[in-house]
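As structure tokens, the structure follows; a few thoughts come after it.
The letters A, B, C and D name the chains in turn, as written, and every chain counts its residues from 1.
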Amino acid sequence: MSKRMKICINTGGGDAPGLNAVIEAVTMAAYNRQWEVYGIKCGYTGLLNTDEIITLTPEKVNGIASVGGTILGTTNKGNPFMMPVCNAAGESELRDLSDRVMDNFRRLRFDALVAVGGDGSLDIAHRFAEKGMPVIGVPKTIDNDMGGTVITFGFDTAVSIATEAIDRLHSTAKSHDRVMVVEVMGRNAGFIALNSGISGNADVILIPEIPFEIDKICDKIMDNELHGHKYAIVVVAEGALPKGGDVISKGTGEAGRQHVVLGGIADYLSKEISRRTGKDSRSMVLGHLLRGGSPTTFDRLLSLRFGAAAVRAIEMGKFDHMVALHSPEIAMIPLGEALGIQKRVRPDGDVVLTGRDMGICFGD
Amino acid sequence: MSKRMKICINTGGGDAPGLNAVIEAVTMAAYNRQWEVYGIKCGYTGLLNTDEIITLTPEKVNGIASVGGTILGTTNKGNPFMMPVCNAAGESELRDLSDRVMDNFRRLRFDALVAVGGDGSLDIAHRFAEKGMPVIGVPKTIDNDMGGTVITFGFDTAVSIATEAIDRLHSTAKSHDRVMVVEVMGRNAGFIALNSGISGNADVILIPEIPFEIDKICDKIMDNELHGHKYAIVVVAEGALPKGGDVISKGTGEAGRQHVVLGGIADYLSKEISRRTGKDSRSMVLGHLLRGGSPTTFDRLLSLRFGAAAVRAIEMGKFDHMVALHSPEIAMIPLGEALGIQKRVRPDGDVVLTGRDMGICFGD
Amino acid sequence: MSKRMKICINTGGGDAPGLNAVIEAVTMAAYNRQWEVYGIKCGYTGLLNTDEIITLTPEKVNGIASVGGTILGTTNKGNPFMMPVCNAAGESELRDLSDRVMDNFRRLRFDALVAVGGDGSLDIAHRFAEKGMPVIGVPKTIDNDMGGTVITFGFDTAVSIATEAIDRLHSTAKSHDRVMVVEVMGRNAGFIALNSGISGNADVILIPEIPFEIDKICDKIMDNELHGHKYAIVVVAEGALPKGGDVISKGTGEAGRQHVVLGGIADYLSKEISRRTGKDSRSMVLGHLLRGGSPTTFDRLLSLRFGAAAVRAIEMGKFDHMVALHSPEIAMIPLGEALGIQKRVRPDGDVVLTGRDMGICFGD
Amino acid sequence: MSKRMKICINTGGGDAPGLNAVIEAVTMAAYNRQWEVYGIKCGYTGLLNTDEIITLTPEKVNGIASVGGTILGTTNKGNPFMMPVCNAAGESELRDLSDRVMDNFRRLRFDALVAVGGDGSLDIAHRFAEKGMPVIGVPKTIDNDMGGTVITFGFDTAVSIATEAIDRLHSTAKSHDRVMVVEVMGRNAGFIALNSGISGNADVILIPEIPFEIDKICDKIMDNELHGHKYAIVVVAEGALPKGGDVISKGTGEAGRQHVVLGGIADYLSKEISRRTGKDSRSMVLGHLLRGGSPTTFDRLLSLRFGAAAVRAIEMGKFDHMVALHSPEIAMIPLGEALGIQKRVRPDGDVVLTGRDMGICFGD
């Protein structure tokens, strides 16, 4: 701790509960080492336009761990390796501005960058590391689909909000003998749908990893009906897909496809289930609700641990690495390794088995 | 309290947080008077088909006050004064089955009915009262648009859930410099939008009682932009309407109208605001989330008070009346009087003034 | 709105959820009239020592409505009419410094003060009004014991937190067949105990307005036992008192009295109930939990309405008045009138009757 | 799955959020295998007195996952290997009734027992396994001090409730420039204090694993004071101990010791800090609040996974084992191994380091 370091931090990609907690921990851990800390606004934009850099102090970050969003903004103006710029002819073209970022980083005498972001942002971080920037990554994904870490912050909050919403929808569905289709985030991985669906006592869970047949869903709903359970909750990840893929258009013609495009998977399923079972059905898209606002206690703590660990990693000079949770401890893994892995729900994992044991239909 | 009464209760119309609490209080208040209590399932259906009647006991209702929905169901099969029945020719026709309801009520020796419902259900209750049934009404409306009472249960819960959702959407909107349009319930009255919009620190609130001009909304958003506030939260009641009514189609052609039909007011506004301001914009419909699940403490207590007051009203023989909150006490008002009034937001009331004082734009 | 006013605001007495919301609304309502607003720190201290005055701007107050506490602090150094000061001999004596407050108020050219506080703080405000200061009061009391208004902010939050705690204690009490005594705030008025006890499904509620006999409580608990309900929740206001007042010492001797002093009413009741019924019993004091943290949506809105109404009252020149809720609208009542009334639970009011109807024992 | 199994489940020891979720999952997983499931009430009592056995069906367990407590009760009448019984002379003596338990278990033709409990209950389960009973353990501890599993259910809920309480206490402490000492559960392990203290932005955290010096705490509080941070939150585990152990009595004499006995560690610290720093100080014991009520989504899911895994373990005949979380998957470990380990906070683990990095004082 002999040298007085000068570090900076940015947050990239979509909003996630816990970003501010990472910023608070990085700032405090640096401050308690008597380092200087700076916040780069809007992803890498602040390293292109250095007006967008702010000093971070204990006063500025005190208590923000429990506040949603990020005080640094996440609105990337683009990837600095392929930045859309306006050329002499007035046309937009992509240009590699990464050297300008490197120059600014060195000119400002930064000793390290803590890059908080999803696989896109961390891929950029890794490329800067290869150009010589001392970078530590902090993984961020609501969907829990990043490799190398058991879990990242934001996911527990998203699952909790979704479960609470499903809890609320139960009572109305039950009072009205209705099918309720709830769409949650998850384009490539169904973790949010899976976890909130099981916690929320869903009847059907549809995820990208397990292609569904709509008849299986209707079978389940009508089977329940025979057992006096006259309503149903269907939780569907936005990226859930029918088996074969052409099933959706069957019986609904091209209009069917269009419905999917216009109203999303939840809207499509709601209409199709209603058509096939004759039951009243509604859809609800939770989308934006899941990524904003105050993190759960779990996510708050995990974010703080990630932030503090990033500073300790700088101290140890362990660059081009990413902090990760290897329960119950924090580990450091090479960025290059982590970026290669995309996590998906294991159809034979214990969580899916738990769902099946509970009698939940996965549409397969 | 000399006579051992035999009373029944039904719940009609849409789901609302607090229905079970009314049932618990009615059951307990009757039980503690050594009366018998019965639950009529599915609105008035249980008085047409008496299989749909259950006994209510302290064991059955213990603790349900905090549980959403209604253990009696709300799925009306229709209005008994105009019930769709299948005639000899196999066609559906509307028939007045109210006498059969009256017969069953007398045959079962009920001394009173507690009818919990919105203006539709209470109107039916009132008509039965006119036919001689001893009825006490308990008003229920998420939208808070029923007259004769300062407030009814379910509204505080709906406003709370909406506000919590708006809180969450703030952080994402802010992190991404985005306009977020949030649609809440309220076809004729804008109470939910108004109260949640002010509590949730919205920039724009649109309600049926104050017709809006879309340009005023865009002015507000761009004005904020100039002051460095680069995102906006627009809270809109589902029944909000543009001034004149033809404004919507302006500049968007018939496709514009169609958009409104397809995606609802939130979707329309989101697209139109984005088109006119050039800002990124998203919409979110909270709809079904607001009427289900556990009631707030406020609604729990109000429902319990309403239920107990209904039993005391039976004891006093005050039939064809409705319990109501005349803060801080409970009052009894004639059903006939209450049904004539539909409450709407007063554009010059102090809550709207509070919104204006806070700098919120109402689109006028 | 021709004159550009210069107003100030202070917050006095104990913490209450909603104080910051009042400050936000006053600031925004003044800002939107192009007035200047100043915050007086620590009650009236800031008018004695003018270093303790800050400017309030939209930036400073944006979003604080949902944050607990008060950015102005509530740590009064004392009543300016009887301020403890150190005299020449080095002894502390009480001195009337109200003229210095008046001088500073005029010297700083303030046009009005919004005084937010309980009866103590508002009494001081009223005395300043009598000395010529243009004052508007905003009532604040967790306990809901202030007259002239149906309700004040903070109370709904306190009742909600208490109810949530009681909900949690139910499951443990039930799993262990245990008596749980929960103490809530309420020295003179039992509103919090009453409302949270009924909402939280308590078996026994003890409030200052209804003196209790400990044998009645034990009768209720053992009666429940016979009906298979082997646990009990007792909610007690800190100011609850036994009938006669000498009952407590009976059978426990002086040690009994001492117990009361050492451990408070909850501790005493827990031990005494256990001694008399032979049941396992525990106590829990919720105290400080009830007055801190984020306000409920209800309290947020009410505080914002109070704050905005205070600014409108200044505009109308309606000084020496207090804003109040006369549901559903805001009213202005003379401070002198409001201060004379202390609200207490009406033992024959509908809320107590609801409790009795539910079978709850009040110890009488 | 050829054989139709007949299994039973009991829950022992203290209440924990998630017990009902384990019961729901075990019941559903058994039901979906067409097995019979029975609930043994009150720990092992139901195997001594077989009246205390109930059938478990999907109807009985539907939705209980989100409800606190346990429908089977946890009130052990004692350890069947050393059960207090009344002998012929009317005196109480300890007798080994384990053979009667074994007899009943066989007589009722049970194929397996799922024993949910802490180390005490699982130790009994292990001893029955050694006598030949096919037992699967499910670990339960609020304190997170059980070995062999990364975490157990109930802990996340306890930490969340504690953090929420600390959040609330912040605002009041700040408004009043006060020291607030919050006591949480944790006799041998400080996990709850550590995690909630860091998440809740405490200034001081005291845990059994790191003996404290009271002067260090006061130094921290007065140091903060110099930096304008005039209030402090001290989170203390009930089992926290001073260095040496005789420090407490220093300066307070025997009365000091007595204080500790009378009021607990929080009360003692509050008084001692106030005496040494001259600051206003209060204490709050969260105790019973932390173990009751609805589980967090995290705990709900973990409990369901544990319950379903226990049934799969029975299917595989993996008896005398305990289900455990080896993130991200469920593992089965021998009961004998797990029972030997007591987990404690590692003073050099990353969570403590995170606390130190944030500037939190651990009193050492």
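Here is the rule we go by: a contact is a pair of C-beta atoms (placed from the backbone, for glycine too) under 8 Å apart; a residue touches a chain by one contact, two chains touch by 3 or more.
Bear in mind that the values here come from a model prediction, so they are computed numbers and not experimental data.
Asker: Which chain's C-alpha centroid is most distant from that of chain B?
Answerer: The most distant chain relative to chain B turns out to be D.
Asker: In whole angstrom, how far does the Cα centroid of chain A sit from the Cα centroid of chain D?
Answerer: Measuring from centre to centre gives 31 Å for this pair.
Asker: List the centre-to-centre spacing of chain A and chain C in whole Å, with centres computed as mean CA coordinates.
Answerer: From the centre of chain A to the centre of chain C is 42 Å.
Asker: Using mean CA coordinates as chain centres, what's the gap between chain C and chain D in Å?
Answerer: 35
Asker: What are the residues of chain B that contact at least two other chains?
Answerer: Where chain B meets two or more other chains at a single residue, that happens at 164, 167, 170.
Asker: Which pairs of chains touch one another in this structure?
Answerer: Chain-chain contacts present: A-B, A-D, B-C, C-D.
Asker: Enumerate the contact residues on chain A facing chain B in the complex.
Answerer: That would be residues 14-15, 17, 19, 67-70, 73-75, 161, 164-165, 167-177, 180, 262, 282, 284-285, 287-289, 291-294 of chain A.
Asker: Please output the residues of chain B touching chain C within their complex, sorted ascending.
Answerer: Interface residues on chain B, with respect to chain C: 24-25, 28-29, 31-32, 58, 62-63, 65-66, 150-151, 156, 159-160, 163-164, 167, 170, 195-196, 198-199, 201, 296-298, 300-301, 304-305, 308-309, 311-312, 325, 327-330, 349-351, 353-354, 356-359.
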